[in-house]
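Accompanying notes for the structure given below.
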Amino acid sequence: MTRKTLSAAVLFALAAQGVMTAAQAETLRWARAGDSLTLDPHAQNEGPTHTLAHQIYEPLLHRDMSASVIPALATEWAPTEDPTVWRFKLREGVKFHNGEDFTADDVVFSLERAMKPTSAMKELLSSVASVTKVDDFTVDITTDGPNPLMPSNLTNLFIMDSGWTTDNDSAEPQDIANGGDNFAAKNTNGTGAFQLVSRVVDEKTILKANDAYWGKDEFPLEVSEIVFTPIQSAATRVAALLSGEVDFIQDVPVQDLARVGGTDSLKIVNAAQNRTIFFGLNSGDEDLTSDNVEGKNPFSDVRVRQAMNMAINRDAIQRVVMRDQSSPTGVIMPPFVNGWTEALDAYPAVDVAGAKALMAEAGYGDGFSVVLNCPNDRYINDEAICQAAVGMFAQIGITVNLDAKPKAQHFPLIQNRTTDFYMLGWGVPTFDSEYIFNFLVHSTTDELGSWNGTRNSNPDWDAKIVSLASETDLDKRNATIKAIWDGVQAETLYLPIHNQVLNWGMNKSVNFDVQPEDQPHFKFLTFTK
Amino acid sequence: MFAYIIRRFFQGALVLGIVGFIAFSMFRFIGDPYENILGQDATVLDRQALEERLGLNKPIAIQYLKFLGNAMQGEFGVSYRNGIPVSEMIAQRLPATIELAIVSALFALFLGVLLGVYTAINRDGFLANFIMTTSLIGVSLPTFLIGILLIWVFAVELNVLPSFGRGETVEIWGWKTGLATASGLKSIILPAITLGLYQMTLVMRLVRSEMLEVLRTDYIRFARARGLTRRAINFGHALKNTLLPVITIIGIQLGQIIAFAIITETVFQWPGVGLLFINAVNFVDVPIMATYLLLVGSLFVVINLVVDLLYVVIDPRLRLDGTEAR
Amino acid sequence: MSDSRWLRWWQSDVMWSWRRSPVAIVSTAVFFALAFAAIFAPLVAPYTPFDPSSLNLMDGFTAPGETGMGSGNKYWLGTDDQGRDIFSAILYGMRLSLFIGVMAVTLAAILGISLGLIAGYFGGWIDAVIMRIADIQLTFPSILVAMLIFGVARGLTPPELRDQMAVWVLIISIGLSDWVQFARTVRSSAMVESRKEYVQAARLIGRSPMIILRKHLLPNVMSPVLVIATISLALAIILEATLSFLGVGAPPTKPSLGTLIRIGQDFLFAGEWWIILFPSLTLLVLALSVNLLGDWLRDVLNPKLR
Amino acid sequence: MTTNALLEVNNLTVEIPTRRGTLIPVNEVSFNIDRGEIVGVVGESGAGKSITGSAIIGLLDPPARIAGGSVTLQGKLISDMNENQLRDIRGKRIGTVFQDPLTSLDPLMSIGNQLSETAMAHLNIGRDQAREKALQALIDVGIPAAESRLDAYPHEFSGGMRQRVVIALALIGDPELIIADEPTTALDVSVQAQVLMLLKRLCKERNTGVMLITHDMGVIAETTDRVVVLYAGRVAEIGDTRQVLTAAIHPYTQGLVGATPNPTNLANSQERLNQIPGTMPGLLSMPAGCPFHPRCSEVMEVCKTTLPTLSQRENSTIACHLGAEAKT
């Protein structure tokens, strides 16, 4: 242990005793459920990993605390006359933590690095043909076809120092899947507002403010030190906040919001999250394996799906299970996403009698039984929602056997198509409907539809979805999006439940807005003095 | 004696091998790591490529032999979760678990023996009966609930002890310890009590009943008839004879402590191997899981051996024919 | 039972000591009251907590003694997050916990007694093999065994049977981790017993080992077995609760006492104390009464200690 | 009765309350022992011999307790002493030898340490002196190569040697009285005599009184000066050994003597050994009158109703109507 971490630890210990000192006011003790998986910014495409990376590294542009795209290392960006080329003007006078200057070479190097086979970010750049340096502070990105949404794909693509990275044998992203380990996975050299002081995986990570940060005057930058501790158990995490051992936690369980909010020294801040929770059903197969109906698939009948949609009491789920921390929805798309409309968002009123009538009409008046697969450690109160749904479906005669398990066992069921009825949550990092269609609506092929567990295949939709990627006329594109959504809704392809609401718990002295992607950027954080 | 140790060692290794194989064949049923590794953006092709690269499409036996072969050379593979070599991760986490286990075991042993002796000597006393009955409360609640209740009372409501983590740690001769600092010592109190409470009760009750039996033996009667002081009888003769079976139980219970550390470490965010294991289970991080089980298994084998040897040290009757004793 | 047998039983040493021990009387009464309520849960419980269609979500988090917002029903001990009546859930949950506990202990006892008798009677290499397996089993902690078995069973059972599967997996894994105690005790008793003249005589006149084991050895090991079984029962109920914390317990749609507590602990800080308090108290009282009974039995049936 | 006796047991009564009623295993037992005198206490199992011994040194196992009578050691009442006071009596003034040398010694402590801890407890000496004393004690009881055996553990000794160690332990505090409870019963016949001779020699040398509890008339004959015969918790007969063996008055004593192939009883040696018919009554089913009457070959009517009292006759004191009637 270095002396630095030792002194940091002393500081932490002092803080843990609840002694308020002036110096400590600038230290932010932060906890969330999971730790970053690696410090290599291209090796994992995962929330907590990106969160830490965002403090240390910067992309060309990123989403601020209200999720709107703002300049970071790029100051201007626009498509050129050639619709397949985007031009980015880079910020000048930026230095990496080790003192190296930031130039176009670093951008080219970093984006190319992120496209290498071992990168986890390569999907986001799959349309990129090449990245070229125009001059020291201008970079062109050429895509296979016109890509109107190029900028939103870049918000989590971090820029590394080409010299430092190559010198330390880290030119290839850490190959996690193959057990690769590299220098960049344990060390950092970014341009971000914070730099790494020490890190023990799953235990404690300490960052300090970057004195040479380019945005010193632009952002509040009041935090001088961040002590990050992952705390897995929700009860313990809340206890740590309640006892004043930490100042800021993500992932506050909804049931503890009142207690945290009611504590004098603490407050809760929330905002709608970019994630929709819904049920998927196998409507494509001839027969289901987990039901008690021989030779037929009840889910293939749209009337059954509609009946089920009408049986779900979304308001009750919102009120009781989510304690109002959700917004019920009728579409599998959060409101931020391009293509969202209020009409799509509207959800059917609970109508048990009507649902029963529909069931009878479809020939299932006596009901049937089926297994619902549900994760129990992925979404907010996922298991409780499924339980509640079991009761609601029971009222229209569908006996649902709930099978809840950890996400590592749940998701393979969807991917291997071994579940007929499942819960899934979907976030849209690109803020565009195409992302949803690609993964959830397009029929399953090698490239697309990898999360479409409905086995539904609609060539018409597929053609429309593929056309979106290269449509440059935004109006036309939006019309196609609307057409696809109308089809999906008419078919009741999925049973939407709600959009999640994010809750952050923090010390009253902390001023911080909730970021819809659950990505705090601590340079925005201020303290009430 | 030496031959005995060698024989036990090989028996242990055989056991480990079998346990390892059973465990390894079970891993395939607890899910797969693809989603975790690749993220939600991955395509079907990506997943197939990953399966190929991880060798997860090969028969279990082949995978296991490969793992064992590497393990023999001290090569335990790399975590699927964060790409860090397993040996490094375990080495980093082990001190925390060992410290917690030892402090819990000492707590259980000292308090258990103390209360056990007390309740045995004052067999029908009011306080002894009270201790006997209340001690049962400790074993009538599950560990996780005790942990959460302790956090609630001592961290949240009273705000006197930390609710999570190890506190401040320092490195002494390459061993990262939390026992050398005030905050570290404060941090270990609740987890150690949570983890050791069950064993404390067990030791106490065992000591009591063994002691009661010993107190009825002729040699204790004879010691009384020799006019020895109560102290000399209880501690010089009775306790020593009582501890013989207690050692066996402690050996077994040390294994239980290490296993139940999984729960305590989760509740208190104690950065030990138990927490690492639970994370690995959730992530289907097979190399970590396999290594953990191998490690825990080896620990059990070693503990068993140490207990056997300790027996020989304490019981002179076994010294001459120690090899035949058990 | 005829009157005289009843009387003889009542006047036996064990019953005499029972009548003299207030602790034994109270714990027996409590245990049987709880067990009775559990067995007849469907008759005693005012609601049907295991039937999802009977739950009204809007009744969720009703405080004790209040009426639910959705149905207007009154809940004496309140409801949980699904609107499930805590009182009924405790009865049904206890029924499940007791079932798992009793079955697991029965499994452990059958396994342990048979192997212990065989080991003690035959000795030699059979004994060596069985006891070595016991050593291995003893060093492998129960929760790891349960987690592994659960993982496998989960993969092997068809999804629609998973609810039942969980219960049987719990029984098997708890039973498997508990048989060693029985085996060790029975073995040592059997070893002592099988050297006695009457067994030797039975052997000499050529009675089959099965009959000797059952007729002569088994009755002699029953009292330590009874003591171990009682204590194991408490242990099994607690272990089931612990396993549910690790997500390998009874499913939340059909919660055991342990699962109820696991669910309830989420609401401890939220002020909905009744969801965790009542199931925990029930578990505590149940386990405590069984443990106290076990304690008392050990004192009574172990003549060495009197 | 002599008033300057070493040990005086007077009307000693021991009770054990049980659920079926109060047992009285020792009932108004009186006898005394002089310095240097070896007194045998004899009777069948359950006659109350061992309990009498335990009661004298206050080692009754609860719930058994002294319900009446007194025990005096050199004129000082010890039967009402508390545990602390008794500690100075036990080992220092009254030594004890138990039946089974195998279980009397702490298996986990070397005999040297057991000896020296006892010495240190009573003699106010240091560790080194205690060790000297322990060595001497071992030499005294005839352990060969005693020096090298000090650090040995009990299991490394044979049964006879072990009992010698126990005797050494009993004698190390230089007690005035030894209570030896069946000291040879657990030993091989071949070493029994040696151990008895050793005990006898050591006590005579040191002028130590001995209460020798046994069921074996042979042992009585060979070792003791006087004998106390117990039956069903009561004294049946007390007398000089020779007197009792050759001319027992109490029919029970006669039976006991007759049942033993006894060198001093040569007169009868040609006859068949006599068994006393029946068994001793249980403590809960004590018959009215003389407890021995159901088995007595010379039972009279009075025996069935009246308990005989102890009375002096010739050289013995006996409790029997037979002699008393003969007298009148």
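Quick notes on this one:
Order as written gives the chain letters A, B, C and D; numbering starts at 1 within each chain.
The criterion applied here is as follows: a contact is a pair of C-beta atoms (placed from the backbone, for glycine too) under 8 Å apart; a residue touches a chain by one contact, two chains touch by 3 or more.
Treat the numbers as computed from the prediction; the structure is a model and nothing was measured.
Legend note: the chain whose CA centroid lies nearest the centroid of all displayed protein CA atoms is B. When each chain is reduced to the average of its Cα atoms, A sits farthest from chain D. Centroids built from CA atoms put chain D at 54 Å from chain B.
The centroid of the Cα atoms in chain B and the matching centroid in chain C are 24 Å apart. Here the CA centre of chain A is 38 Å from the CA centre of chain B.
In terms of their C-alpha centroids, the spacing between chain A and chain D amounts to 90 Å. Touching of two or more other chains is recorded for residues 30, 148, 152, 156, 216, 278, 281 of chain B. Shared contact sites, meaning residues of chain C that touch two or more other chains, fall at 154, 265, 268-269.
Looking at chain D, one finds that none of its residues touch two or more other chains.
For chain A in complex with chain C, the touching residues are 234-235, 238-239, 242, 253, 255-256, 258-259, 290, 292, 313, 316-317, 319-321, 369, 371, 373, 376-377, 383-384, 387-388, 390-392, 394-395, 400-406, 409, 419.
Chain B meets chain C in the complex at residues 11, 15, 19, 22-23, 26-30, 132-133, 136-137, 139-145, 148, 152, 156, 209, 212-213, 216, 252, 255-256, 258-260, 262-263, 278, 281, 293, 296-297, 300-301, 303-304. Residues 51-58, 60-61, 70, 81-83, 154, 158-160, 162-163, 247, 251-253, 265-272 of chain C are the ones that touch chain A when the two sit in their complex. Listed in rising order, the residues of chain B touching chain A in the complex are 30-45, 47, 50, 53-54, 77-85, 89, 92, 148, 151-152, 155-156, 159, 162-171, 176, 181-183, 266-269, 271, 275-276, 278-279, 281-284, 287. Residue ranges of chain A in contact with chain B, taken from their complex: 1, 6, 9-10, 12-13, 16-18, 37-38, 43-46, 120, 123-124, 174-181, 185, 200-204, 229-233, 235-237, 239-240, 242-245, 377, 406-412, 415, 426, 439, 444-448, 450-451.
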